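In what follows, structures are represented as structure tokens.
Both complexes below contain chain A, partnered by chain B and then by chain C.
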Partner chain A sequence: MKFFVNTRYLIVPIMTLLTISGIFFGGAYSWVGVFLFGINIVLDTLTRNIHLRANFDDSGNSYGIKSFQYFVMYLMLPIFIMLQAALAWRLYEYTSTTPIENSTFLGINYQIGLSGFDLLGSTLSSALWAGLGIIYGHELSHNKKEGFLASRLLMALSGASHFTYAHVYNHHLDLGHEDDPATAPRGRNVYAHAWLSHMGQSKFSFDLERKKLQKNNKSFFSYENKWILGYVYSLPSIILFVWSGGFLGIITLLIVWGLSNFLLEALNFMGHYGLIRKDGPVSHRHSWDNDSVFTSWFFIEIGRQCDHHVRGETYFWELDDVDGPNYGIGYFSLFVLTLVPSLFRNFVSQHLKRWDKDYATKEEREIGARFNSYVTSEART
Partner chain B sequence: MYSFRAIIVMLLWSSAIGFSLYAIDAHIHFREIPWSISISIVLLLTHMGNMFLYFRIAGKEPYRWFRGGQ
Partner chain C sequence: MFTLFKKKKAGYIAKVLPDNMEILVKRGETLLYSALSQGIKWPHKCKVGSCGTCKYQLVKGKINPQLDFSYVLEPNDIKNGYGLACQSILESDIEVNINTINF
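== the complex of A and B ==
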């Protein structure tokens, strides 16, 4: 059981390594990351009705091995650096017009040079897996020690180092309130949310640092400014892509950052869409659970949002079903629905009605009713 | 509306920097290490400038759930 509990969370590391290998082999393999993403949508949809609980032994102790899980999470930092390096190498070849031919490395055949189509495949593969890898940046952000720095560096690969501070000190404290940019209010679509949430979280970090430095009588342009420092952490990625691809490198990096941040914000969108908290502490009812088996294992239990937001310091392998609001399907399946806003609103309306009826307090229900009429009147105008 | 206004200003700012980089032939010299580092620093500052512009122009308005606040 111990072996199973610990290895079932290795889907992302293994698939990320396959994606890197695909970019290395070149040709049609450049699209491996995109293909795997598609396969995951199918697997998640097929297993949507399987929901498992967290595993504990007879004494109530978790089977999770902390040192192993942390080793894997830290290992994801060099793996994601490798992912960017592999893409930059292909970009270098493309912009240097390297002729397409076969070669061998340690007895393994691979393709030198690539077509524009394959560069697109490599870029999309990298972007999708950089986005999915953000779950490790999230998990490590809840670690107060060196994990926090690892989270900042992981997020910096996607130009989103501000996330680490905003997630812990804004999202977790202001959840379900308009002061939390990562909580999507009713009526907003995932595209608008991705923009607003990203900018809002960076603004939170910016304001936090400005106030802190002002209080300590220090200049905003200080090496102690964590907002500035977060962006400086992204500088090596920018240099790598500018050097390897020039203008095309900048476009490629924008695609990687854009898509990976879109996936991150889509997770925030799905985790709290339409839920309201009027004063009082954060409770299970202020998050949506997505805990179908594939989602749980793939996203290292990030879908157990209800438990996570009440016990933020709890290791992911100990998070459990707490009978909170639940979409009943996994993240991959739901993500496809969010891409078509009308489809998502149709799907979520029944869940929101149930939330208003079964979970909301009187005050939260009143705000919900105000929202419902507001959204309807906004839609009419 | 505030977001839209901010995005327009961000686009103008980014275009101005992009044009300046083009004017000094950055697109030709990007493989020279000092150039690639300098271009990257300029791009990072442009990005941070964009964020600042958005914060200043859009303010809190895009995050209000209702007109007049919650």
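== the complex of A and C ==
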């Protein structure tokens, strides 16, 4: 059991390594990352009705091995650096018009040079897996100071190092309030949310640093300014892509950052869409759970949002079903629905009705009703 | 050099004033986690270091803060030894006061 519990969370590391290999081999393999993303949508949809609880032994101890799980999480930082480096290498080949030919490296055949189509495949593959890798940035933000720094560096690969501070000091504190940019109000679509949440969290981090430095009588332009430092952490990526691709490098990096941040914000969107908190502490009812088996294992239990937001200090392998609001389907399946706002609204309206009836307090229900009438009138116009 | 091979302690004792309650804090666990695990009603809210509800004053001993306290606590509070229990790992036996805090 111990072996199974600990290895079931290796889907992302393995698939990321496959994506890097695909970029290395070139040709049609450049699209491996995109292909795997599609496969995951199918697997998640097919297994949507299987829900498993966290595993504990007879004494109530978790089977999770902390040292192993942390080793894997820290290992994801060099793996995601490799992913970005592999793309930069292919970009360099493309812009330097390296002729397309076959070669061997340690006895393995691979393609030197690539077409524009294959560069697009490599870029989309990198972007999708950089976005999925953000789950490690999230998990590490909650545990120990070394983990916090690793989280910042991992997020910086997607130009979003501010996330780590905003997530802990804003999202966990202000969840379900209008002060939390990561909570999507009823009526907002995922595209608007991605932009508003990203910018809102960066703004929060900016203000957090400004206030902290003011309190300590220090200049905003200080090496202690973690908002500025976060963007400095992203400089190596910018330099690498400008060096390897010039203007095309900037476009490529913007695609990688745009898509990976879109996936991050889609997770925030799905985790709390339409839920309202009026005063009082964060409770299970202020998050949506997505705990179908594939989502749980792939996203290292990040879908157990109800438990995570009440026990933020808890390791992901110990998070459990707490009978909170639940979409009943996994993140990949739900993500597809969010891409078509009208489909998502139809899907989520029944769940919100149930939330209003079974979970909301009187005050929360009243606020929800005001939002509902606004959303309905917007839909009519 | 021999300190390199010195066996690390499995945990430390946190004495909570003014009631002299003792909490065994296992190595790597936070003060708040241990207190709650042992049934002590330590005030808390977010558990991730952002709300400041689990604030205490360190009277004696050494802790290892897991997050920068200066986002939540005032500079004077930090000078006076205040910390956040949810982000404090012990590096020695400690004494803390929670009576001086206006919850």
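Things to note:
Keep in mind that, in the parts below, the second predicted complex is superposed on the first by the 377 of 381 C-alpha atoms of A that agree within 3 Å, B and C clash if a C-alpha of one lies under 4 Å from a C-alpha of the other, contacts with A are read in each partner's own complex, and residues count from 1 in each chain.
By our rule, a residue touches a chain if its C-beta (ideal position, glycine included) is under 8 Å from a C-beta of that chain, and two chains touch if they have at least 3 such contacts.
Since this is a predicted model, take the numbers as computed values, not measurements.
Once the two complexes are overlaid on the shared chain, A:Ala160 sits clear of chain B and of chain C alike. Shared-chain residue A:Tyr374: touches chain B; no touch with chain C. Within the superposed three-chain model, A:Tyr169 lies in touch with chain C and out of touch with chain B [touch as defined at top]. Residue contacts after overlaying the shared chain place A:Ile228 against chain B, while chain C stays out of touching range. Partner contacting the larger number of chain A residues, of chain B and chain C: B.
When the two structures are aligned on the shared chain, A:Trp243 is found in touch with chain B, with no touch to chain C.
Looking at the shared chain after the overlay, A:Pro181 reaches chain B, while chain C stays out of its contact range. By the touch criterion defined above, A:Lys203 lies against chain B but remains apart from chain C after alignment on the C-alpha atoms of chain A. When both complexes are aligned on chain A by C-alpha atoms, no chain A residue touches chain B in the first and chain C in the second. In the complex of the two chains, the chain C residues touching chain A come out as 30, 32-33, 45-51, 65-67, 70-72, 74-75, 86. Partner chain B is touched in their complex by these residues of chain A: 159, 177-179, 181, 185, 195-196, 199-200, 202-203, 206, 228, 231-232, 234-235, 238-239, 242-243, 246-247, 249-250, 367, 370-371, 374. Every residue of chain A that touches chain C in the complex is listed here, in rising order: 142, 144-145, 148, 165, 168-170, 172-173, 208, 212, 215-216, 281-282, 311-313. By the touch criterion stated above, chain B contacts chain A in their complex at residues 3, 27, 30-31, 33, 36-37, 39-41, 43-44, 47-48, 51-52, 54-55, 58, 62-66, 69-70.
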